[in-house]
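One structure is given here, and the rest of the page talks about it.
Just so it is clear, A, B, C, D and E label the chains in written order, and each chain counts residues from 1 on its own.
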Amino acid sequence: MHLVLFLIFGGLCVAGALNLLLQRHPINSALSLIVVMTSLAVLYLLLGAEFLAAAQVIVYSGAIMVLFTFVIMLLNAGKEERTHGSKAAYIVGFPGAAALLGILTYIFLKQSDHLGSAKLGGYLVTTSDLSRVLFRDLLLPFEVTSVLILVAILGAVALARREH
Amino acid sequence: MTDTPQVFRILPEVILTVVGVLIMLAEPLLAKNASRKPLGWLAVLGTLAALAASFWQLQLPAGTAFYGTVQTDAFSVFFHVLIAGIVLATLLVTLDAADPDAENLGELFALTCFSAVGMMLMTSGVELLLVFIGLEISSISTYIMAGFRKRSAKGPESSIKYFLLGSFATAFFLYGIALIFGATGTTAIPAVAGLLTTSQTPLLATIGAAMVLIGLGFKVSAVPFQVWTPDVYEGAPSPVVGLMSTAPKAAAFAVLLRILYVALPALHSHWQPLIWWMAALSMTFGNLGALRQQNVKRMLAYSSIAHAGYLLVAFTALSPDGIAAASFYALSYATMNVGIFAVFSHAGGMGDRLTLVQDYRGLAYRSPLLGGALAFFLISLIGIPFTGGFFGKFYVFAAALHSGMVWLTIIGLVNSGIACYYYLRLLVSSYSKPVHSDLLDGIPPVTAPLLFALLITVATTLILGIVPGRVLALAKAGANTLSPSTSVSPDITASQQ
Amino acid sequence: MLNDSILSTITFVPTVGAIVVALLPRRGKLIQWFTLLISLLTFALTLHLPAHFQYGQTGFQFEENHPWITSPNIHYHLGIDGISLWLVVLVGFLGPMAVLASWKVIETHTKEFYFLFLLQQTAMIGVFVSLDMFLYYGFWELSLVPMAILIAMFGRNRGPQAAIKFFLYTFLPSALLLVGLIWLYAKTGTFDFVETQQYLSQNSGSIAPQALWWVSLAFLVAFAVKVPVFPLHGWLSDVFSEAPTAMAMVVAGKLGLYSIIRFNLGLFPSQSREVAPLMIALAVIGILYGALIALVQQDMKRFIAFSTIGHLSFCTLGIFCFTIVGLNGTVYQLLNHELSGAAMLILFGILYERYGTYDMGLYGGVATRLPRMATLYLITMLSLIGLPILNGFVGEFLILSSTFGVHPYWGAAATLGVILSAAYMLGMIQKIFYGQPSQLVANKTVPDVVAREGFALVPAVILMLVLGVASPYWIRAISGAVSGLAQNVAHATATFTTTVAEKR
Amino acid sequence: MVVPIAYYLVLSAILFSIGVAAFLIKRNIISIFMSIELMLNAVNLTFVAFAHQWHQVSGQIFVFFVMVVAAAEAAVGLAIIIAIFRTRNTLDVDHVDLMKL
Amino acid sequence: MTSSLHLWLIPLVPFAGFLVNGLLGRRFPKALVTTVALIATLIPFVQVANIALHFSSLTLPYTEQVATWITAGNFHADFAFALDQLTLIMLLVVTGVGFLIHIYSVGYMAEEEGYWRFFAYLNLFMFFMLTLVLAENFLLMFVGWEGVGLASYLLIGFYLTKDSAANAGKKAFVVNRIGDFGFLLAMFLLIAHFGTLSFSEVFNQVAQHPEWQGGFLTAIALFLILGATGKSAQIPLYVWLPDAMEGPTPVSALIHAATMVTAGVYMVVRTHVIFDRSPFALSTIAVIGTATALFAATIGLVQTDIKRVLAYSTVSQLGYMFLACGVAAYSSGIFHLLTHAFFKALLFLSAGSVIHALSGEQDMRVMGGLRKKIPITFWTMTMAVFAISGFPPFAGFFSKDEILYQAFISPNGLGKILWFIGLFTAGLTSFYMFRLWYLTFFGESRAQATTAHDDHGHGHGHGVHESSWVMLTPLVILAILSGIGGWVGVPEAMGGHAEIAHFLSPVTGAAHEAAEGRSMELLLAAVSVTVAVIGWFIAHLMYFAKPALPAQLASKVRGLYSLLLNKYWVDELYGAVVVAPLLLISRYVLKGLFDTGVITGGGMAIGYSAQGLGALVQRVQSGNIRSYAGWLALGAAALLLLTYVGFGTHLLFR
């Protein structure tokens, strides 16, 4: 059953990703990305990270993707036209991406017997031990993310503010 | 945990954050077209305080804080001082170059401080997560600063290029961390080495190391990942490029040093060939690329690729000497580069009036101080003795040659020979008769902050060149903290004789 | 007390002078007078050396050895022996001459000129006195920078290109020299010349001969470019035609040759023995090649450049015969040629000051207008072609006689150079001085040799006669150091012949 | 029933390389930006998979932080895209190649 | 009186004279310059005369070691002077004739500008010649050897504005340098084999090793010969002497007749110990000498310029001296050197006085009928002409006859042939001397109104007149010397007792007595006198009796005449074979092709190829973000591949 769920949602993810690739209009790719994210959330559930799945849906597809669609609409980006900037992207890029995929999958499959397997509910993470690690062991990174967010806001304002 | 309060371990970062926030708060209080320079001086004071704090950290016993996520030792202090010094010089240069009522100048100062915080965290962080967050802070702030001149066509273009490719590389870096986590089950750098021996899937860690190398290779603009550097340096304003080409690079190298020598020393037989090839290609690619370059900033972009290559040579030495050489070179390269960009930003201003090599013809006659400083930095970049540049290169190649890298040293030194052609072309043009001197008339008189910045950089380069004893001692102390057990070096001597 | 700090003072007095020049106001001839004062002071200090030099003693004197950097084991180690003693005095002597020579010709940017000139002095003296190879390499590279900038600033028409060409020609091989230096450091653990020499001579067996051969080759090429030896002389004629006189005087010869004697013969005797046949062939070709091209050169500066190649090839020839007589001749010939070559360059310079061109074709019949100038030219020319009572002859004779003893045919070929040098020098004198006054010379009335130029040249001319007649005073110091070198080359040949035997 | 961790890893590798491919193919800057988000999500999956295997919660914490970073990047990235749009009023990446050689 | 003779003073005084005149001469009045110059020459003459008087009481060989000149390793050479019979004779000749010529040139050069420069150079020449003669080792002799070459260069090129003078000067110096090249190689061989250059040590070593025959000694001898031919203008290096006539006449007299050109002969006689050991070298000297004598004499037959004729006659007479040395009759060689110095100097000075009289005219075709106008010059020149032609009792007869006799009786095979050629040349000599004599002094004056070319600029146009006394007294003295000079060496066969041969025997070894004895010697003397008379008669016939005859004869043998007139085209031959190709190669092949092509071209090629690579590298920066991403992806993949594949392969990263 775990395998079946995995296959369904894994397939959904890949389909969404491919759709992002193939769609001409950015809004369609944005929507396909949302599909990928939600199916990922389900996969997280399979791996016992419920809180994470919720966060994924709320933060990722909820906040970030909404921002994306908002900006797409703001700039009413139309359909992409097939401009051929440079052939290098294809000649060099694709073999690179393919080789990347090949090596990673080959290694993962070769190491799969050492990696063990995931049982449904095998490792359930409760919010309490999540929060214990987050607010005790990794307190400093948590605090530092506040600086990160501050920088992001500052940058966004500085760049996007319309001058007088 | 230990007696010293935790906050002392991250004192410099805290000071800079506070200063950054203060600048952000003060900025709206100023009148609409009032000069933003006081904010700059505030930032300078903050950086000085951070500098003092990191020096003060030296006498703290080396130890970790915040549950082992951050560690202060000679190595981290060395890089903290380096980054604070660079930021100080860059702030002074920005104060001099920027015209007072430039739009969102206040934000620029704040961002500089925050980027400094990010870099310092990278150098003192021993938790991969913290390193990642620090990397992100410094990257995002540099993306924004790169696009500072929103009005011009090139500003946003350089910033978008830097942003997209930057995050592309950060994704690889993250994937690397994930794989290392997968192989060892922990993301604490010191713990990884121990767990690696017991892990059944060391191959994952090797691929993880490679991925980390890709991510950081981009950051330091080593060869396979240096395509972005010329365009971004050309688009960004000179003071920012001064910062961008030195501080994040030094921080990235510090992270690389920690990961490769503390976390993954056992895998050296895998990552050493990578670094060997990256070093050799970076040097050659950088120098050859710069030969025909007429645009001064693009030329220096290629030169920074080449210097990244020289620095990587120190990595292949696999010995405490190598680590000390790498950190020393980072310092000496930083001072030279900040210095030369100080000259460019003063001469060219934020709007890059002087872009081509022949624009600088006769600079030495028009203003001897600028010409002299430019000549001095170029000589140091070429690697003429009694300058920081030379001693850095010498020390790197001595370390490499000591552990048998004969061919790499030859490639390196032949490259530094080729390099002196384009440095010399700029030096010679600044000393030859000016063709169209109206460009030179636009150069403002030398102001106090620039003078002070030049003073720091020239003095440091001279000290590094003539009496590098104390700085070397600090670098070597840092190196020993990184790989106390010379577990790495013994077996390599056996294999290469 | 003074003895152990004299070398540092001599080396760094010009630097202090340079810094003061940088601060002086640009009023009138203040900078020139001050630089003249500094160079005279340096010369006076260098005279202290021969006065207190113990001639019998082998090894280095006036030594100063202080630790400088600990981690790569580098010392601030200065010292001179018979060879470098007179070279330091020569640099001291050429200093004031150069300042006087460029008194009037350098009007603009005098501050930059004299600042870099004094820096160049320090670099050159530093090369001769430093015994720590890192320090030596420091000064060796430093001597490039002021020269390159000055050529760029004061070049007549192709200044910048000539500066870059000069810089690259020397910098690239010295990069390989640095590889050699570091490799030696990796093997011996020290940069000190004396310790490295002992280490190499004791356990030359343990080091891979192939690697040692490549290192000695790197050393040789880096120094040969500076001499310049025959195929590597591409830069000299450009530098001579572009550089101001004060700089062209000091660029060729002494640094390269001194380094070959000190380092190649000192550290790698058996390798030098192996490369000797090639170097002798190149030297003899250099002699004839330089002379033949000087025969047909029309531009004065390029003429003197090729004549310098010819004369300095004599010295390379002398070095690679490895006889005491030959080495003495080489060092002496080096001293004399630098003196006479410098005098000839100054003479060309002051002629250029008067008539504004270096093209010999435009000159003619100057002797009738400037008799005193003609006499100075004549004496300098005679000293360069080696007239017996003048200084050129002694060195040349010693070199040729020792070469003849070792390689008769090469010796004979080299002696042909004596004929050719007479031919091209007399040709030059005739084109400029004899015959009907040319159109340029006729309608331009110019002063004969003025006091200032006299002060620069007359001491040099007197010295030419004194050096020619009273050579034992100088050779006494040189032969002490040189015989030590010749012995260790001879000792090395014992090992060399065995290695050659094995190879076959 | 059990699913070997390797399958999850392979899935994340596939997503990652699709992200890379998207970066190369897409013309609109925002789409390129989205492909980066996709790559980050792929890495999150790897983290969670390894967290499950090692029973280490820090893996999942890592994902939280990645999300924060992605959010920050999104904000800044979109601001930059707006700045580009204002100066060049095009979103086609092939037109953004003013600086070359 | 064995106290030090202060030999070093002899060369030093002229050097002091040179310095005084050289440095301050410009501001001195002419008289002061003259006095300084004359004193500087007189003092050494007096000192030499004093030594000559006390010569018998000297212990010989007398050497004086002044100071060490060069010491390097085991090579040692010092300033050392030596005196023996040979040196004494040479000193007498050099100082004596030198002083006379100094007096003569006071008159001759009176109106020249640069008067002080002339005397300064003359004193410099005296210094170098005296150093050469007095030197005790080869190196010091080489100082003199090159020094006189320098002095001759300066004096030939004395007329600064004349291009031909400058060319002649340069030619003289370079050709001398070729000779010096030979001398240098000989010295190197000496150092290689004997380890020292001092005469006494070399000769002692040679004496101690009778077994050394030929081999390296021949090599040394041959190189010394090359040096000697360079200096004494023998084939093949004689080309510079005729051109040296561009210099003022006193210079030709002093340097190119009496002293410098004899340096080669003196050197051969000084080092005869080496030559004795290699018969091959001796016969080469003899052959060269005879060939040069004949060759120069034939050219002298047709020359029209009076000084050119005398120049070729000098080359020819030097040939005789070389012949004497070639047949090991060194003393007769020196004897002929002595007498030749007197009458050849006289010939040149009288020719100078003739030129002076005709205000600069040197072409004999324009002279004639001067017998009455300049009688004293005529009579002194007649004495010289009779002396050189070999009429008894004049000097030339005894010395030349002695040489011919020695050649005739010399043991080596060629003796007879050499004697015959010598005899024939003696006939030619008397012919061209009397031709000169008749053309200059007899017949009616052929001087056109305007004197053709007035290259000396000192001809004061008012008619032909006798020179002043200051020029004539040296002529008279030299005439007397040419007359009685020969009596010093009258052979026993003719009643004299060959004082000079005995005087020189300690230096040159005993002259070997011939088996045939006295009658043969008298017979040969008679034969040579008749040949001289025949020569005179033919000259008389052609130039006195039927003046038109030479023109007809010349038109009949047009080819031979032009061959001789143009000096066998030897100068042009040298130019074409040696000088032109050398210049061509160096200008086009070396300078053009190699220097700019290979050296500069090579540098440029490296530069451009590096720039080419740079361009290649730059093409990656296409500006397009997607291509950058492509490169990044490829780089990443490559790195991963290298990590995976590189698992344990220490490929290249040494």
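Everything below uses one rule, namely that a contact is a pair of C-beta atoms (placed from the backbone, for glycine too) under 8 Å apart; a residue touches a chain by one contact, two chains touch by 3 or more.
A quick note: this is a predicted structure, and the numbers were derived from the prediction, not measured.
The chains that touch chain A as well as chain B are D, E. Counting hops only between chains that touch, chain C reaches chain D in a minimum of 2. Within the contact network of the assembly, the step distance from chain D to chain E comes to 1. When chain centres are defined as mean Cα coordinates, A lies farthest from chain E.
Counting contacting C-beta pairs between every two chains, the top pair is A-D. Nearest to the global CA centroid, when each chain is reduced to the mean of its CA atoms, is chain C. Chain B and chain D have CA centres that are 26 Å apart.
In this assembly, the C-alpha centroid of chain A lies 70 Å from the C-alpha centroid of chain C.
Centre-to-centre separation of chain B and chain C, using mean CA positions: 42 Å. The geometric centre of chain C is 37 Å away from that of chain E, both derived from CA atoms. Among the residues of chain D, those touching two or more other chains are numbered 9, 16, 19-20, 23-24, 32-33, 49, 53, 58, 61, 65, 69, 72-73, 76, 79-81, 83, 93-94, 96-100. Contacts with at least two other chains are made by residues 85-86, 89-90, 93-94, 96-97, 100, 103-104, 107, 111, 115, 137-138, 141, 145, 148, 151-152, 155, 157-159 of chain A. Listed for chain C are no residues, as none touches two or more other chains. Which chains touch which is summed up as A-B, A-D, A-E, B-C, B-D, B-E, C-E, D-E.
On the side of chain C, the complex with chain E involves touching residues 165, 169, 231, 233-234, 237, 289, 292-293, 295-297, 323-325, 328-329, 332, 365, 367-368, 371, 382, 387-389, 394, 397-398, 400-401, 404-405, 408, 411-412, 415-416, 418-419, 422-423, 426-427, 430, 433-437, 469, 471-472, 475, 479, 483, 486.
Across the interface of their complex, chain D is touched by residues 129, 132-133, 136, 140, 143-144, 147, 150-161, 163-164, 167-168, 171, 174-175, 177-179, 181-182, 185-187, 230-231, 234-235 of chain B.
Listing the residues of chain B that touch chain C in their complex gives 321, 324, 364-365, 368, 375, 379, 382, 384-386, 390, 394-395, 397-398, 401-402, 406, 409-410, 413-414, 416-418, 420-421, 424-425, 427-429, 431-432, 467-469, 472-473, 476.
Looking at the complex, you find that chain D touches chain B at residues 9, 16, 19-20, 23, 29, 32-33, 36, 39-40, 42-43, 46-47, 49-50, 53-54, 56, 58-59, 61-62, 65-66, 69, 72-73, 76-77, 79-81, 83-84, 86-88, 96, 98-100. Contact residues on chain A toward chain D in their complex (touch as defined above): 1-3, 6, 10, 13-14, 17-18, 20-21, 26, 29-30, 33, 36-37, 40, 43-44, 46-49, 51-52, 55-56, 59-60, 63-64, 67-68, 71-72, 74-75, 77, 80-86, 89-90, 93-94, 96-98, 100-101, 104-105, 108-109, 111-112, 115-120, 122-123, 125, 129-130, 133-134, 137-138, 141, 145, 148-149, 151-153, 155-160.
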